[in-house]
Amino acid sequence: MGVMSPDAKTDRVCPYCPLHCDDLIVSAQGEILSGGCEIACGHSSQIPLLQPTIAGQAVTRQQAEGEAARLLGQAHAPLISGLACDVDGLRAAVAVADQCRGFFDHGASDGFFNGLRVLQRRGALLTSPAEVRNRADVLVVFANQPWSRLPRFFDRYVPSGAQLFNDAPANRKIVLIGGSHAPDPLDGADVQVIPADLSKAAELALVLGALVAGRTPAVASSAGIAIDTLKEIAQALKAASYGVVAWENGDFGPHGDLAVEALYDLILTLNQTTRAAGLPLPPGGHVSGAHQVGLWQAGTPLRTCFTAEGPVYDSQLYSRAKLLADGRADLVLWISAMPGAVLPKIDDLPVILLSSTAPPDGPPPRVYIPVATPSLDHDSVFFRGEGVVSLHASRWRSPAPYLSVAETLAQISNQLPKGEQHPC
Amino acid sequence: MIVLTQKLTLPHRIDAGALVPAALAGLSLAQIEALSLKTGLKVGDVFTVAKSDGDVVVFRTQDQAVDCIGEGMGEGEIRVEGPAGRYAGRSMSGGTLHIVGDAGDGAGQGKSGGLLVVAGKAGDFVGSALPGRTSGVSGGVILIKGSVGQRFGDRMRKGVMIALGDAGDFCAARAVAGTIWVRGRLGQAPAQGLKRATLLLEHAPDALPTFQDCGVVEMPVLRLLLPSLDRLAGTRVADSSDYRAHRHLGCIGVDGRGEVLVLA
Amino acid sequence: MSAPKIINGISIDETFAEAFPMVGARIIVTARTERWAMNAGLAFTGFATSVIGCGCEAGIEKVLSGAETPDGRPGLSILLFAMGDDALKGQLTNRLGQTILTCPSTACFSGLTTGKKAALGNMIRYFGDGYQLSKVIDGQRFWRIPVMEGEFLVADFTHYQPAVGGGNLLILADDGEKALFACEKAVDAMRKVPNCVLPFPGGVVRSGSKVGSKYKALFASSNDAFCPTLKGLAHTQLSPETGSVLEIVIDGLSFEDVAACMKEGIRALTDGGRASGVHRISAGNYGGNLGPFHFKLHELLP
Amino acid sequence: MLTRLKGGRLYDPAHQVDGATGDIWIENGRIVAKPANGAKPDVDHDITGMVVMAGGIDIHSHIGGGKVNLARALMLEDHETYKHAPQDGLRAGSGVATPSTFSTGYRYAQMGYTAAFEPAVVISNARHAHLEMSDIPMIDKGGYLMLGNDDILLQMLASKREQSAVNDYVALMVQATGCIGVKIVNPGGISAFKFNQRNLGLDEDTAFYHLNPHRIVQSLAQAVHDIGLVHPLHIHCNNLGVPGNFQTTLDTVRAVEGLPIHLTHVQFHSYGAEGDRHFSSAAAHIAEMVNATPNVNVDEGQSMFGQTVTASGDTMTQFRNAGFGDPKKSICMDIECDGGCGLVPFNYKDKNFVNALQWTIGLELFLLVNDPWRIFLTTDHPNGAPFTTYPHLIRLLMDKTFRNEKLAGINKHAAAASTLGSIDREYSLYEIAILTRAGPSRILGLKDRGHLGEGAAADIAVYAPHANAETMFDTPKLVFKDGELVVRDGQIVKTVWGATHVAQCDFGHSIEKEVEKWFATWKGTRFSNFVLSKDELEADGRSRWVGHNLARRS
C-alpha cells in the first residue's frame, strides 16, 4: 500500500477477480493505494513491455494483424475463445466469430455451464449480491475453498456491519460446506465449517431436500456429513426468512449440473413455505460478460457455432475443450486481456493470441498481439461475476502502448475478405 | 437404396444429419454427391456414393468422425457398417437405425420414436435430452448390446432403453418415466432425482441413499415387462420366473415415486 | 300367426326376437388361480342382468388358460353391455373399482383392440393417491396401483364397440322342471359361442316382461300373455299343453354373434326333441317397432 | 442530398392528414418543405397511390436488458427454430419471442417501425439494458426506469419523507440510468415477495415497510409529473392476471387522484371473476373508465396464440404462475434491492378457455376505447406475443369479417362469453396511424417523430395498399430511417443505428450524496461507477444520445 497522493484516483474498478470491487484507490501510475486484495496487489502496476510476433519472430503490430486476418480468412472453422476481456472486446469478438463462421466459447466456461444447463432445462430461482448482503439470515455455501480466488467475498456479500432488513446480523448463520476453514472476515460471526466431498454434492442436496420436505433418508451420512448435522442445516434453512444457498459451479465436477439441479430443487422446496434463493459464486475470466454479450448478439449462449444457417448452440459439442479434442476447429483465436482464461496447450492448430501478458512458455503461437488491460489501460465495462450489475471502469493509468481488444479485432476484421462465405 | 462409403481422411468432423432415407429417396447419385452438409462440405467430398438394392441407406464408416447419422429420421432404415460418431439417431421419431459398430456420445438424444440398435458399445449421454429441453427420450426403443457410458437415459420421459453391458455413472438421472434396463453393472450414483421411471437391474447397485427400501416384493408388471424386454433385446432376462424384485422407491429428494428394481 | 316349423317334435314359431343396439366392452381378468379370477368375475358380472334395473348387462364369456392371457395366468374374459357410452364407462369403472381392484391377486386387461376407448386404469388410478405409476409396454399403457397386497396391474383402457342386446328365445315346455333342464342344456351349448353372454342367472330368466304396466311408475311388467297361470285370458299366447315358459336372453358384440348363439340354442333344444318336455320355441318382440335387429327363428334353424 | 417521395397517400394524424395525396421531401435526414427554388430531387421515389406513414413507434416492448437475456438463454427452442445467417452486411441472429439484438432491429425495420421502448429497466441493470439497446440497429430506443420496489424509495416513503425529496430521487435516477420514463411494476409487490408475501392488493400493506401500493403509486405519479417527464407514470398494476383484477385497475386510477398516468398491458388487468370458471371479461368496465378519464392512457398488451415467453419485473406474479409454464421451466430472481424479474414460457392456445378469453378481452378493449390517441398498439412483447404479430393484430382491428372468422375458431365457451362478435367497429388507416405512430410520439414527447410535418425526422414507412391489412403492414415497400432508405420490399438494404432518447432532469445535489451513501453502504458499490453518461454510451459510435430537456412542474 502506498501513500495517498493528491492525484490519486478513487472508485477504480478492479479487473482481477469477478467480484470487480469498485472502491479501489490507485495512484496516477496505477499503483493500488487502497482496497486491493492480495490478488489485486499481487499484480504489478508496471505496463509490461511486449512485442507482437509471428511464429515467435518480432514483427510490427500491422504485420501481426495482417497475418491474423489472413489466417482467419483461410480458416474453415475458427474457434474464438479465451474471451477474458471487457464488454467492447467481447462485442468485437462475437462480430469476428459471426464474420468468420466460427465457434464461440469462453476459455474457462466449464463450471459456468454446470449452472447454465440447469437454467436452460429447468430454470432458476436466484438472488444477487445486494440482496444477500441485506437480507440473508442463513447462508449455506457449497464450495471447496473459493476464498482464495474471491478474497473479498465476505466483505462484499456478508459484511459484518448492519443489514437493511436484519437488525441483528450477528445472528446470521453461515454454513460453509466443503471448505476446510473459514476466511478471516468471518471471525466472530456464527460460522460453521463442515468438510464434505463435493463430488457427491448432488446426493447431498437431494438428501437436504428430502429433510426439508420431512422425508428421512435411509443413510447415516451423505458426502461425509452426518444426517443429524444435515437435519440441523435443513431446519435452519426452513426457519430462515431469506435463506441463500450458494455454490461454486466448478467444484462439482464434469456432471456438476446434477448437483446444481438438486440445489435448485432444494430451493424450490424451501420456497413452498418461506423465501430462499440461489447464488452461484461468480466465475472468473469475465465469463458472465462473455455469456451476456454473446447471448444478446447471437440469441444463443456461449458454445455457439455461426453456421451457414445462423447461430447453432450445443453446450456439449461446441465446448472449447471438445472442439479441440475432436479436431472440429482448425484455428484458435484466443483472447486473454485479463486473468481467468489461460491459453491451453495446443500443439496441432495455429493459434492467434491476443493477450495483455507475454505468451505462455513453450512453442510460440502463430501470431501474438499484445493488448491493453481493460480498466487499467482504458475505460471499459465489466459485468460483475453474478452477471446482473455491469460497471463502468475508468482507466487507472496513462494509456498503454497497446490497442484494446476491441480496437485490435476491429483492425483484423477490416482486413478480412469482405463478403466471403466462410464454411464452418 | 444408397451406400455411402466414408473417404479415408476427413478434414474435420462431419455432420451427416441431412442424409436420412426420406431425403435421399429419389435422388440421383450426382444429386446426392452435390448435397451440402451442415459443416460446409458436400457429400461427395466425404463419401463415395453408390446405389444398392433394397430400401436401406448404408453408411460404411472408418472412424467416429461422422456425427448425427440418422438425425431426425422419421421413417425408413439406416444401417451403419462401422462406428458412428456423436449424436447418432438424435431427434429420430421413427424408422430403424442399426449401428453395427460402436456409437459415440449422445446417441438417440431427444429421440421420440423408432428403433436405435447399437451392436457395439456407446458413449455418454445416450438417450439424453436435447440442450435446454426438460426431458430426454420420449418414445421408441434404444438397444445397446455392449456397454454404455455415463448419464444413460438422462431425463428419460417415455419408452424403453436397454444396455446389455455395463452402464456408467449417473445412469437414469432425473428420469421422469419410461423403462431403463441394464443387464451389466452400474457406475456410481444411479437414479438421482428419479421421478417416476423404472430402472431395472440384475445386479444391485452400490448404494441408493435417496431411495426407500421396499424389500423384495412380487411385481405383477414384470409378467408383462420382462417378456417384452426379452423380445426387444433378443435375449433372455436372468431367471426371474417368480416375478419378484427388490424395490427401491424414490428419489425422495425430489418427491419422486420412481423405482429401482433389482430382479430377485 | 303363420305356420310353425317342427323339428324333432318341437314346433318353432315363425316369429322373431327383437333386439336393441347396445355398446359392449370386453375385459380380461387374471388371477393367481382360476378360483380368484372367478371370484372377481362373478362379482363383476353380478347384478348385471338387465339394463332396466342394473345399468348394464354383463357376463363371463369364457374361462381362459394361462396361455390365453396377457400375463400368463389363468383368467376370464368378461363382456359388459350398456345402452350408451357414458353408462358403459360408468359401469366399467364402478365395477372394476369395487370388484376387481378389491379382489386379491387379480389383474385386469383390455379385451378388445379396436373401437372407442373406455377408461380402466386411467380412471381408477387415482385410488393410488399419487403413488400410482404408469408403464407403457409394447405400446400399451398400464397402471400400477399400490394396494395392501402388493400392486394391482390394470390396463389404461379397454375398447368398446356397437353391440346387440336382447336376443332371446322363449322355451315352452310341459312343466317347470322340464323347461329348466332343457334350458340348462341350451345354456351350456350357447355359452360356447364367442362374443356373447347370457346375462341372467344361469343364463335363464323366468320373468320375461312386456313393455309398460298399469302402474304408471313401472316401465315393464309381467309378460302375462306367456304366463301359464293366466292362460284363460283373452290374449294368451299359450296353448293348453304349455305348463311353463322360460327365456334365454343373449347379448353379443354383433348381430351375427347373437344369431350364432341363438342358433346354437335352438339346435340344443331341438336335439333334445319332444321327449325333453319342450314342445315349442318362440321369441319375444314388440312388433318390430322398437328394435332394429330382428332374429327370425326360422332362419336360425339347424 | 434531396429526396422526394412522390404521390403517396399520406396518413399523418398529428396534422389531421387523412389519406391526402402529396409529396414528401427529405434533406439531411429531415422532412423539409418542397424547395421554393424548384430544385430537382437527387433521388425520386414514385410511390403514387401508396400509403405513407411516419415510422412506427412501439411504446412498450421488452427488447433489451438482463431479463431479456435470461429469456434468450431459457428459450433455446425459440432460437433453434428461428435463425438467420450473416449476409449482405447483416449480422447473424436468432429468435422471434426473444430475438437477438440484431434480429430485433432488422425485424422492426422490416415492419416499418423505427423506434421501440424498453419498459422495464431495473436500476442496477440499466447499463446492461443500454448495452443491449446499443446493439439494436435500425431503430431509436429508450427505456423506462422501474421504480416503486426499490428499497431506497420504499424507505423514503415509509419514513414519510417530503414529496420534493422523492421528486429529486426520481429525477436523479432517471438521469443516472439514461431513461425517458418511469415505470412501476406491481407497486410494492416485488419487494413484498422478498419478505415472503405472495399476494398484494392495492390497499393491503406490504410486509416490512407497511406501505400500501396506493401510496406508492400516488407518490411516484406525483414525482413523475412534478419533475416534468412528458410520459406519465407507466403503471403495471397489482394483481396481474388474477381473475377479478379489473377492480384493482379501477382503484389504481382513483388512487392517483387525477394525475396523468399510463396503464400498461391493460389486457392483463381487465379480468372479471364471473361465470362457471370464475374468469370473465371486464373489458367494458375498463374501457368505460378510460373513456371517462382523460388523464389515463393505456397500452394494450394484446395476447396472440402461439409460443412465447413472459418476461416481467413482477417476480411475485411470475413465481405464482410458474406452474403454467409451457415448456415447464421458469426463472425468478431477486435483484439488488431494486426489484426482480421472472420468466415463464407460455403457449397461448386458441382452444384453451382462459387463453381464448384473454385474446377477446384485448380486442374488446381496443374496440371499446373511443379515443385512439389514448390507447396504443402493443403485445407487451414478448409477454402477450412477439412484436412480429403486429401486422396480424392490425388486420384484426381493421377487418371485422376476418376478426369474426378468427373468433369462430377459438374455444367455444370463450367465444360465447365474449361480446367481441357484436362489435362492428373497424379501425381506419388513419386510426392505425394514431395507434402506432402519432399517439406514441405524443405521449413520449418525441416532438420530431411520429409525424410527417416539416422538421420531423424522416422516419417514414411506405406501404403498398392491400385488401389484406396483414400483408400490407407485414412488408412495407420502402422504409426510411432518418432520411436513409433502409428497407425495400421488406428487405434490409442498409444498416443504420438509431438514437437513444433520454430525459434530461434537474435534481437537488443533496439527494446525490444520499444515494451515493446508500450505494456504498447497502449495495457495496460506488454510485460513480453506476451512473451512465452520454460519453460512455456514445463512445463506440453506434449510439446517439438524444436528450429531452424537462421543465419541472413544481
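Descriptive notes on the structure:
Per-chain numbering from 1; labels A, B, C and D assigned in written order.
By our rule, a contact is a pair of C-beta atoms (placed from the backbone, for glycine too) under 8 Å apart; a residue touches a chain by one contact, two chains touch by 3 or more.
Bear in mind the structure is a predicted one, so any value in this text is a computation, not a measurement.
Looking at contacts between chains, the pair that accounts for the most C-beta pairs is A-D.
Measuring from the averaged C-alpha position of chain A to that of chain C gives a distance of 75 Å.
Inter-chain centre distance (chain B to chain D, centres taken as mean C-alpha positions): 47 Å.
Chain C and chain D have Cα centroids separated by 69 Å. Centroid to centroid, with C-alpha atoms defining each point, chain A and chain D lie 33 Å apart. In chain D, the residues that reach two or more other chains under the touch definition are 74, 76, 329. Under the contact definition stated at the top, not a single residue of chain C touches 2 or more other chains.
Residue positions of chain B with contacts to 2 or more other chains are 131-134.
Every pair of chains in contact is given here: A-B, A-D, B-C, B-D. Against chain C, the residues of chain B that register as touching in their complex are 158-159, 177-179, 196, 198, 217-221, 223-225, 228, 257-259.
Across the interface of their complex, chain D is touched by residues 11, 13, 22-23, 87-88, 91, 95, 98-99, 116, 119-131, 133-135, 156, 159, 164-165, 241-242, 271, 274-275, 277, 291-293, 295-301, 306-313, 379, 381, 383, 387-394, 406, 419 of chain A.
Chain A contributes residues 76-77, 101, 117, 120-122, 200, 202-203, 205-210, 213, 215, 217-219, 222, 255, 258, 261-262, 265-266, 307-309, 313-317, 326-330, 423-424 to its touches with chain B in the complex. Of all residues in chain B, those touching chain D in their complex are 131-134.
Taken together, the chain B residues at the contact with chain A in this complex read 11-13, 36, 38-41, 67, 86-87, 105-106, 125, 129, 131-134, 150-151, 155, 169-170, 173-174, 189, 192-193, 207, 209-213, 251-255.
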